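Notes for the one structure printed next.
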Amino acid sequence: MGAGRIAVTPDLKSRFFATRKLTTDLAAPLSDADATVQSMPDASPAKWHLAHVTWFLESFILRDHVAGYRAFDDSFAYLFNSYYEAEGARHSRAARGLITRPTLAQVLDYRAHVEAAVDAQWNNFPDAALQLIELGIHHEQQHQELLLTDILHLFAQNPTFPALWPEPVLREATPDVAPLEWIEGPSGIQSIGYSGKGFAFDCEGPRHKVLLQPFALADRTVTNGEWMQFMNECGYSEPRHWLSDGWAWVQREGIAAPLYWEQDNEGRWLTFGLDGLRAVDPAAPITHVSLYEADAYASWAGARLPTEAEWEVVAEMHDPDGGNQLDAPCAVRPSASQARALFGNVWQWTGSAYRPYPGFRAAEGAVGEYNGKFMSGQFVLRGGSCATPRGHCRASYRNFFYPHQRWQFTGLRLAKDV
Amino acid sequence: MGAGRIAVTPDLKSRFFATRKLTTDLAAPLSDADATVQSMPDASPAKWHLAHVTWFLESFILRDHVAGYRAFDDSFAYLFNSYYEAEGARHSRAARGLITRPTLAQVLDYRAHVEAAVDAQWNNFPDAALQLIELGIHHEQQHQELLLTDILHLFAQNPTFPALWPEPVLREATPDVAPLEWIEGPSGIQSIGYSGKGFAFDCEGPRHKVLLQPFALADRTVTNGEWMQFMNECGYSEPRHWLSDGWAWVQREGIAAPLYWEQDNEGRWLTFGLDGLRAVDPAAPITHVSLYEADAYASWAGARLPTEAEWEVVAEMHDPDGGNQLDAPCAVRPSASQARALFGNVWQWTGSAYRPYPGFRAAEGAVGEYNGKFMSGQFVLRGGSCATPRGHCRASYRNFFYPHQRWQFTGLRLAKDV
Amino acid sequence: MGAGRIAVTPDLKSRFFATRKLTTDLAAPLSDADATVQSMPDASPAKWHLAHVTWFLESFILRDHVAGYRAFDDSFAYLFNSYYEAEGARHSRAARGLITRPTLAQVLDYRAHVEAAVDAQWNNFPDAALQLIELGIHHEQQHQELLLTDILHLFAQNPTFPALWPEPVLREATPDVAPLEWIEGPSGIQSIGYSGKGFAFDCEGPRHKVLLQPFALADRTVTNGEWMQFMNECGYSEPRHWLSDGWAWVQREGIAAPLYWEQDNEGRWLTFGLDGLRAVDPAAPITHVSLYEADAYASWAGARLPTEAEWEVVAEMHDPDGGNQLDAPCAVRPSASQARALFGNVWQWTGSAYRPYPGFRAAEGAVGEYNGKFMSGQFVLRGGSCATPRGHCRASYRNFFYPHQRWQFTGLRLAKDV
Amino acid sequence: MGAGRIAVTPDLKSRFFATRKLTTDLAAPLSDADATVQSMPDASPAKWHLAHVTWFLESFILRDHVAGYRAFDDSFAYLFNSYYEAEGARHSRAARGLITRPTLAQVLDYRAHVEAAVDAQWNNFPDAALQLIELGIHHEQQHQELLLTDILHLFAQNPTFPALWPEPVLREATPDVAPLEWIEGPSGIQSIGYSGKGFAFDCEGPRHKVLLQPFALADRTVTNGEWMQFMNECGYSEPRHWLSDGWAWVQREGIAAPLYWEQDNEGRWLTFGLDGLRAVDPAAPITHVSLYEADAYASWAGARLPTEAEWEVVAEMHDPDGGNQLDAPCAVRPSASQARALFGNVWQWTGSAYRPYPGFRAAEGAVGEYNGKFMSGQFVLRGGSCATPRGHCRASYRNFFYPHQRWQFTGLRLAKDV
């Protein structure tokens, strides 16, 4: 969680409780075991997400702003702190999946308890607390997306490929994908970074000027069909397309397709999602690819990834609440019909390393631990995905992951010099 | 599971259903998550144990001896086969804990389904099937013990130290522990190995003659109090007591006490069990020590571990159904008052490598995969433990684990030359 | 090796043979074993460096530009290719240290053979070959520095701390270190990147405009004395100074001092160099620190690392051939008296991830594999070191290493916003 | 080194100096680099062997029995102690290959220095010192064999397959291999273990009675030709032949042939030895196989490995100095014509775990660290090999390695029940 520059808005209370409810709704189809198991060190159990965002409220709002507040359970601060060194010892991240107690039911009680305490105190909260509640909303939205992608990863380990939302999804008829077109972006001296009065994470600022060479962005993200062409043309076996670290990763891990893709007995490509195993839709945006794969694809395609500044100056002209984003619990999937929108569907890898903007200062205290300390080794992604809660993203929003990670809904949009 | 030499006994049906019921009863306090998580590669989830022993019945009895039997779920053969290479592909052992579906409830349904099928067919089973049911009982009893020790290991990873059977246990008053006495055993030419008409695993035979030098066994197992003296006298930091591999293990793993021991803030030793964290009872038998530790202790004490032949010729004079063994679901613990019994309380490490007896032949087919193939690198333990179902053990019973393993109820009884 | 934009200069031949001679001279004090052993996967044996740069000449110049040239030994292409995927299979990097044959003497023969072939052909070389010779000089200079730092790393593993150049080094009297002063650099729209007619690596261009916020650079690099103050004030144990990956590295590796530092029995800090173990000189520049350490130091000092653009616009006003750089075989060490020079002494970590400049295109063919493919996960260093051959560095020169690496002569110069 | 029961013999001095000379002669074709590099953690550099056996003499004989003896170099005790915990700190085994200084020449000087000191003092040595010299001879003979096998392993890592003794070896014409015949051994109550007056390691005693069931040993060891039949009949891909740990090893390591075997372009099997790469001789004994492989072969062949007692009671009737053993520096290889001898050619894996004999006590002090502490996880091998110095082996000699190790000259002789 990062500290932002926050103006308290009138709808804060309704947004807060709506966010809380969405989290619980997302977890509704999960069994106690589904919510407990951790499928890899990068992922967390759903139960942990449910509890951690609640611990955040308890620790930074109730404990500090409600006289006499008593913690729901003293062990939870140890169990559900994520990485705030300033908040003391915490349970090892890699061992989160061994915590079968408290149960999912107890964690849901914890959520209700904290929500009731927030509700009871609402009118007495000072502005500082309300700003932390705004921060808490955004923090929880981030964990909503992680909850979905972590559950997807867990279910993908099960050889029976269970569907979390098994109802038949009405598929849009596959449209013909129009050839990619290039749209020139604004160049010269431009400004990027957040400057509004609403919430933004610290790493989104300060707003500052950048100098852009002439460039163009593709009018849509790369599709599964295009990716299959890359695969058919030996994309995964030609070292010249790849970053050196990426090539080593491909060879070490035996990577030959996006995450969650498998071939059936006839060689057709299937992909696993929250609605189970389905045929790959050639028209839909490619997703679950790493930066290494995205960069190799761009190299193969004779293009490149955009820088985050290029992406942002274009995105400022688009509606951040549009596109295919998360509105309700369901088996989210990138959609072919929304592939032109700058926001939603898939996070778009940029070619920018995640580093501080000129003049960046981390926020003070524990809440300031969020962003600055992660600024090595990671790349910036932009635009949100089908699993990002609508309302969470912005043109200035900087997501970041390591270049080999791909269990998020990560794809790409090409760029080129003009 | 190993093939035995089996005489079908009249009480087979009642023993079969009693065994099935005990397994389910042992799992009764487990949540869906408790039953799903795997705390280390050596352990298995409780749900896996519940299903695996049922798969064994389905695969070797119902499938082969019930015309038209349809598997409860076709995916279960893949998910719940353990290591029978002859039975085809199986889910990776290390990934057993990622299988959140089927749920615990579904696995219990599976158990009921198979039990009903066995019940319906009982009177039609040929003798070969009944012998496999006898084998199935013994197989399931082994997994009952593993289920308890695996759950204990899982709960021990939880920093809140939950108790599975949290009711206050009435503790016997700590008796004075009498000084250890030595009892001479029979030497010269003796016979060991199973020779009766009941069930035994293949590795327990053939019965054969051995030549024993004069020896004595201690009249009781080593106690926690004696172990604390070993610790106080730098037992864990003096390389000269240790096997070379054991010393490397102590240093690599930072071993300085038995498994599940921890010190409170005043330096008192506590031990975690199925009833939670309790003070170490000096009079009770030491348990959760590895062969390396047992061997180092014996060396420090100026004694040695018995060979399995020495142990067996003495044990043949004792009641294998006596002592502290598992009768019902509860927080089993080694008991001070039963430390003289040859059977029960703690498995006793011997100094014998687990190797075939002269003339040993593995059983034919998949059920023959059980024992012979594990005959490298492991040591024999004898006598059963507080977690061994009463009726399962015998004087000739050979349990075996790797010398570093200690999550079973493993302790030791000293021996010496005379 | 990267392709550059190369104007052939009249002194090419003399520079070529002088470079070749310096390499051999650097290796003169090495035994056959010294030259063969590989002390870690990041490092290479000296023999490998000696042969690899020669293989480069043989493969890219003699093979392609000398009719009928026969390879000195057909196995060398396999043994001494570094990472040119286009040039075919090659010996595993991590196993370079297992190649005891050819011997050092045979490798020196190989060098002489290739040099004679180049010499004989010199007047017949087309311009393309001469440009590759220019590239070969710069390539070999890079390996001269690596040869020294790899040998230092190897000797540091020897508990007897052998000195490669054991002669007593005349130490300058430790000067008083003047307090650090800040010097404002040029801001606004500036240009960086190579634009001259001489040699430069492909990643140094294209020259392009950047927009710089007002900033200042420290007038000298950080000293050992300042670093000891950082250590005394718990610099290595306060997570808040550290990047998250850096803190994980510090804890995993038990890092508590720069590489090659150790304490004697009285707690005085010593540092190991090519002249053996010597007392740390408080006035000399700190070296052998990682990006993680440099960044943590800057954070602790209330400053930051410069960006590579900031560094370059300042450095363009300085002499790249000045300062403490490598002129002859000796126990190179950073020098207190030259700490103000922009060039030499220690490579200066910047806060810039190593990424392509706008408009960057990798060179075609095998020689183009050099730079572009390494553009993920690494940080840029600037300015050369005491182990960089004088004449090799430029204001636009971009060195790069992973943020945990520190066996090069790596230090830092602080920057700040103004 | 183990303590033995030693009667000093008149030829001690000549045997001592002959042993010393043979070691140096074995190392004569090695370069400084050959003698320094360590190819795997199980192996040691030749230089280390040369120095370690010398350190043994210096530490246990000169230091304790020569007044005023000064160590050749004080750092050598740290560098060249092997595993004697009682002798203090020592250099990490895995890092032995990083010690380029002292050089090979310095180590040879060390050898000469210590030999001169022993020579000068010879007539003054007390009996205890002479007994330690006898021990030193046997210790050095063990390291002679290791030196050869470690060098073979190192050279096998070199893709150019250098031959240490490259002279063309006159090959015996491949004889027809006679069908294997079974020879019944003595059964009932027998005695094994050393009981003579000469030297033996502590683990060879006490001599004691054992009870043997009727058995037969094959009249010769298994041949390469028989092994190829095992390979052709899917021996390496049928899990039912294998111990469970062995099967895991085969799969994890991708084992499909003995160590040092490779196929040429036409699919013919070659094997690498100290004379380079040569065609596999079908008549010669199989070697460089692990216990896992030997056990799987025996299982496939419908036989078993002998116990060490079975082997010893037969071997007592044979000449331990006969057969193909090491007499002089050369490219030793198992020989078809000597495959019936009980001694020499290849160490023969037994099915016996390496455990203490009844009544075994380790020797006191540092020299007693040798044998007892290795008695877990290893299997006994008997009979010596082509690399064992003639005179070193005995019927009671117990060699031991882990079941996956195969860089020694290890093969097998079948046994069966009769």
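A, B, C and D are the chain letters, set down in written order, and residue numbers restart from 1 in every chain.
In this section, a residue touches a chain if its C-beta (ideal position, glycine included) is under 8 Å from a C-beta of that chain, and two chains touch if they have at least 3 such contacts.
Being a predicted model, the structure only gives us computed values, none of them experimental.
Peer 1: Strictly by the touch rule at the top, which chains does chain A share as contacts with chain B?
Peer 2: Where chain A and chain B might share a partner, there is none at all.
Peer 1: Please report how many Å separate the Cα centroid of chain C from that of chain D, as a whole number.
Peer 2: Chain C and chain D have C-alpha centres separated by 46 Å.
Peer 1: Cα centroid separation between chain A and chain D, in whole Å?
Peer 2: The separation of the two C-alpha centroids amounts to 59 Å.
Peer 1: Find the geometric centre of each of chain A and chain C from their Cα atoms only, then give the gap between the two centres in Å, rounded to an integer.
Peer 2: Chain centroid spacing, chain A to chain C, equals 38 Å.
Peer 1: Out of chain A, which residues touch more than one other chain, so two or more?
Peer 2: Nothing qualifies.
Peer 1: What is the shape of the graph in which nodes denote protein chains and edges denote touching chain pairs (line, ring, star, complete, other)?
Peer 2: Its topology is that of a ring.
Peer 1: Which pairs of chains touch each other in this structure?
Peer 2: The set of touching chain pairs is A-B, A-C, B-D, C-D.
Peer 1: Touching chain D in the complex: which residues of chain C?
Peer 2: Interface residues on chain C, with respect to chain D: 31-37, 39, 75, 78-79, 91, 95, 97-101, 103-104, 154-155, 157-160, 162.
Peer 1: Taking the complex as given, what residues does chain B use to touch chain D?
Peer 2: 83, 85-86, 189, 208-211, 213, 239-240, 242-247, 291-292, 295, 351-353, 355-356, 358-359, 369, 373-377, 379, 403, 417
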